[in-house]
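The two complexes that follow have chain A in common; it is paired with chain B in the first and with chain C in the second.
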Partner chain A sequence: MTGATLYSVSAALSALLLGAVASILPAPVSGWLTSADVVTGLAVLIFSAILLVASMINTIMLIWFERKMLGRFMDRRGAMHVGYAGLLQNFADGLKLFRKNTFRPQEADSLGFYAGPTAYMVTSMILFGVLPISTGWSSGALPLSLLLALAIFSFAPLFIFVSAWSSNNKYSLIGGMRSAAQMIAYEVPILLAVVAVVIVSGSFDLNVIVNEQQNYWFWFPLLLALIVFVAGMLAEMERIPFDLPEAEAELVEGWNTEYGGMLFAFFMLADYVRALIGSILVVLLFLGGWTMPSWVPAAATSFPLAGIFWFMIKTYAVFGLFVWIRASLPRVRTDQLLRVGWNRMIPLALLSIVLAAVLVTVRCLPFLGCVPPVGG
Partner chain B sequence: MWINMGPQHPMTHGLWNLRVRIEGEIIEEVDPEMGYLHRGIEKISEDRHYNEVITLMDRTCYVAGLAWEHLYIIAAEQALHLEPPERAQYIRTLSDELQRIASHLMWYAAFVQDIGLMTPFLYAMRDRDLVLDLFQSYTGARMTYEYNRVGGVRNDLPTGFTDRTRKVMDWIYARFVDYDHLCLDSDIFHRRCDGIGVLSARDCVDWGVTGPMLRSAGVRRDLRKDRPYAAYDRVEFDVAVADGADVTARYLVRMEEMRQAVRIVRQTLDWLDKNPGPVLADRLPRWLGAPYAPVGREGYLLKRNFPTGRGFSSVEEPHGEAQAYVVNTGGEHPYRVKFRSPVFANIAAAQKYLPGYRVADIPPIMGSVDICVGEVDR
Partner chain C sequence: MAASAPKENPTNPLSGVVRPLATAARQFTKSLIRPSTIVYPYERLEDPKFRGKVAVASGRPIGVGDVWDNYRGVHALNIATCISCNLCAFSCPDICIEMVSVAGDDPKHPKKCPQIDYGKCSYCGFCSDACPEGCLTMTTRYELAVTKRAEMVYSPERLHEVFQRKLPMNPIRLERPANEDAILLDAPLCIGCNACARDCPTKCITMLDVPKPTARPGEKLPRRIWKEPVVNDSDCVRCGTCISVCPKECLFWGTHK
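Right, the complex of A and B next:
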């Protein structure tokens, strides 16, 4: 599928739709309708709609995937009853939450209480527009798309803190504080680990980073950076073992204690959107994105949508690792988490930068031989 | 800042309130508030026949019903000058130890959930279900058994029970290894649990703390050894003791107690296989309110000059040392019934073992206490 991209498909759809409408309308209107600007505008809308629906379905499937996998770890079956093997259970749950009345405590600040979850959700969803899924299946080749993605990703603590503070609840406030502290602490090692990838690939453009991994995936030379990045991502996603902002044992539900109905659904959904984004980032930066190594038979990589297929497989595998961690580890304490973040993660990330610099200078890998100059 | 952890809070494992004054994340002062679940069990007992009190005993600690029945029944039998048959003594010992396994599994499940482990929670709950199935097979109920009777137990064990129990014990004993792997092999577990919630042996004695918490401070005190009741002087077991007096030590003590409980259960099963016999005393006063008395043992009518008496018992129930005091003034009902709940003292000592640690330490520490609010408030 080299020719057809998601945008070209939506542009063709847009032109087709507008042409059909224009054919039954008088000349001045039909002329305007088929002008390039309008076609492009509608194409962008269709593009976004497809992206939105696809990413939402993926997010909800991710929840199903986690529930089933956790169930297997725990000797039970997970969701079973709605749809085949519980596939539709989360849609049913979503509908239930949608129908519920949204309750706001009397003393809560109205603006922050409603704006917080909405902004959290929106900033998480925007990321899908930034990340390339496969060749041609992204909203555009931004030269700094990696930086943009991480910048949007780090909005979250602000909105979490706003919604926690405005719910006027002590548990929420403590949870919000912890969340902000934790996310800020782990932004730094994540960015430093990413610097290692940027040094090796020579670009901030995610497309370029993936293309650089045609020869070898970055996880092997940059194993240290991968470990730091995955640990940091676990903290950013607030998953066990780093889920203490919503540690239900002491803080009830942490910063979303006071939220119910659709606002709660926003938080939950955005959490899984961020989990999906985190897994996608790991795949893009370290696991070769949609590329497959050359020893994989061509038949497995050349069928239509093979890039997306392999990309999704990798993404779900990475998320499966997160679920595995969740099923087997207890939760750490805030001070331990922050100490690990500042005292261990940052030196490790700096070390990985040094290793990356050495790698770029020497241009030789153990076992794999020497590679052509990078960053071309 | 004062925080109310309770009465509706995931940490409490029941209906009570832990008021905590925090400075940042550090606990400065705590104030446990109990009484949300008070049902006046002691007062209600004064208006019931001796056997009808057993129903209430199941409701004191709802995860250790048989142990509490046993506690009351010893005191009531003393007060009424009755002696249960030996087989009943063994069945009670067996029930106590099965109950200890079930209760400790419940504790394990709740405790690991408190530190964020979800998988072992379900493992432990499932294994506990196997024990509950055993209870169901010989008492007819899974939580509120009403199995003990003044002068024995209600019915003998069903056919095939001992073999089934042996099988379950083998399975559970093998599972303990998994439990330890899931907790003790995890570095994060030790980071969370080592050295927190320390209550020294001296403080334990001062605050009346008993049971696994006391033994975790290195004090070798177990009523089953020190003041044997039922058949405990005829079975072999070791007292589980650990050093450190922290959450990990309590974990180790409870896990070892479960292993010892399996050992005791196996011995009682062997004895029960070899020694059939009656499980209820022959001559029972009819007014014990024994509608379940077997045919042919209808008992004798109340005589006005039935001997009075007082009964005192102390039992090592899964949470600690429980005590009961029953006064018989010759009437159909006990004149006074009084209980001592171990968990009440264990919670009260929170003022000693919580301050100085962090808010995030409260769930593991309180989880390691093994709270059962039913018996605290009675």
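Right, the complex of A and C next:
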């Protein structure tokens, strides 16, 4: 694994492909094709394509995972007819939605109606380029990648609101309004909880934050911040119990009432992309990312792609927690959400900042070892 | 009056979050090995492995040999013992039973047996309750999907095929009430035509001679056969066929004095 990164693999693939094509083309074109700029450009494209396909497959697997797990919570089995244990059910569903006619209400605003889901999808997918999955799998060293990820992540209510308003439907509009209203209630606690992580790790770079957790993961000293972050993420991902904008019991289907076919699939997929990214963020910030504690035997952490393996295990476990919460809790009211956000989560997040500051000052904790000096 | 606080407040950390999570986790671990669902096309309740093992929400087990025997599925008809009494068709609330002729021994008087349209049937079981001979019963067979509407109509022969499969049958039978109405005769109206005795499915009506009265001078005796039906109440199934065939309407329902 040393040295072989996703980018180096795609660069080698790009050089190989372009070299093969250049060998059968006349000299000026082949010379241009094998120049460093073109090879780099194609390498970036290949890199993105691999990342896109991998993240999409993971997203669809996540839907399968949720369906199976929810089934067990409800004493049933979930999807099980298409493919082994229903593994291909969601691909079949996607194919069905893809074949369906997309339908726009007559009075809907065309631009917003079509641009909303697209932008929602795109901004969610961009995040995969920002988040490091394992060593060598990140697209580059971004000194502020955490801030960038959270910034892109919080775009979503805007696009939800645009598509809801464009739908020209009262249920859509109410859903969009709720989405915009609850954004402020949870964005503030999330960012405050992240500040605690940043104080301990001393960096906004997700790579650095993960490397800081070599000694111990942040979830234990920053348990308060983790709770606030997970609760805020639930609201950010608009999952039960904070799925007020969708609230199918009262708002038909919330802000995507008027959407069908592939446009609905966009929303659906982007929802799970965001759920995946929320789980990934929890893993990166609190559960040590791709690192494992030192007491884990070396054989379990040194095989090829071990980092990604453990990272995915943790991600799916965190998503399992989200499913567990979804299966247990009822949907809260708007006032309850706002009260939880402002009255409970913000004080808790502030408290966790204080705890983080104490941790950095004390530097060492019993059983846990010492925090590295600030700044890595 | 003070407003009582709701028991489960979603914003209460203990009752609103921790307890539901614990409940869900308990359910999850319970159904992790085997959920209650029986995966129907691949598994069936009739499988012996489900005997008494599948618990429904109430905790009562369902499976072969338990509640299962009471299942009201397709009917089974024993044509041999059917007496064509029409009681099944008469009791059917959905009017889905029609008495049709079956090829029998006597070509002159073809036997009539019930034909059931399962497109209309509501599986109430009144017909099998009413059947006096126990020849129309309900079985546990529940797979009725067909591709043509006409296939929903089960002729007596098809119902007899179901009977020949010897499926578990619904044992519920209604007891006859002790004070059941009987067939009574309004004797002065009777003309002794034998129609009732001829059509009685159980042959429980016999025509007995009545003494021909001697006509007083000037009196004209009615033109009739000097016989009267006598109903054997223990054999009678109360189908009412005699009442409906009587040309003089001299038979009626009533209680013996």
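By our rule, the second predicted complex is superposed on the first by the 369 of 376 C-alpha atoms of A that agree within 3 Å, B and C clash if a C-alpha of one lies under 4 Å from a C-alpha of the other, contacts with A are read in each partner's own complex, and residues count from 1 in each chain.
FYI, a contact is a pair of C-beta atoms (placed from the backbone, for glycine too) under 8 Å apart; a residue touches a chain by one contact, two chains touch by 3 or more.
Since we're looking at a predicted model, the values are computed, not measured.
A.B. asks: Touch test for A:Lys96: chain B only (first), chain C only (second), both, or neither?
C.D. replies: After superposition on chain A, A:Lys96 lies in contact with neither partner.
A.B. asks: According to the stated criteria, A:Pro330 is in contact with first (chain B), second (chain C), both, or neither; which is it?
C.D. replies: Both partners, chain B and chain C.
A.B. asks: Would you sort A:Val252 into first (chain B), second (chain C), both or neither based on which partner it touches?
C.D. replies: Only chain B; A:Val252 stays clear of chain C.
A.B. asks: So, does A:Arg339 touch the first partner chain B, the second partner chain C, both, or neither?
C.D. replies: Touch status of A:Arg339: second partner only.
A.B. asks: Which chain makes contact with more of the residues of chain A, chain B or else chain C?
C.D. replies: Of chain B and chain C, more residues of chain A lie in contact with B.
A.B. asks: Does chain B (first) or chain C (second) touch A:Asp243, or do both, or does neither?
C.D. replies: A:Asp243 contacts chain B only, not chain C.
A.B. asks: So, does A:Lys170 touch the first partner chain B, the second partner chain C, both, or neither?
C.D. replies: first
A.B. asks: State which residues of chain A lie in both footprints, the one left by chain B and the one left by chain C.
C.D. replies: In the superposed arrangement, which is not itself an observed complex, chain A uses residues 73-76, 241, 327-330, 332, 336 for both chain B and chain C.
A.B. asks: Which bits of chain A are touching chain B when the two form their complex?
C.D. replies: Where chain A meets chain B, its residues are 70, 73-76, 170-171, 174, 240-241, 243-244, 247-250, 252, 326-336.
A.B. asks: Could you pull out which chain B residues touch chain A in their complex?
C.D. replies: The touching residues are 1, 3, 5, 9-11, 25, 112-119, 122-123, 126, 182-183, 186, 188-189, 191-192, 358-363, 367.
A.B. asks: What does chain C use to touch chain A in their complex?
C.D. replies: By the definition above, chain C touches chain A via 10-11, 16-17, 20-21, 23-25, 27-28, 30-32, 35-37, 39.
A.B. asks: Going by the contact rule at the top, pick out the chain A residues touching chain C in the complex.
C.D. replies: Result: residues 69, 71-77, 80, 241, 324-325, 327-330, 332, 336, 339-340, 344 of chain A touch chain C.
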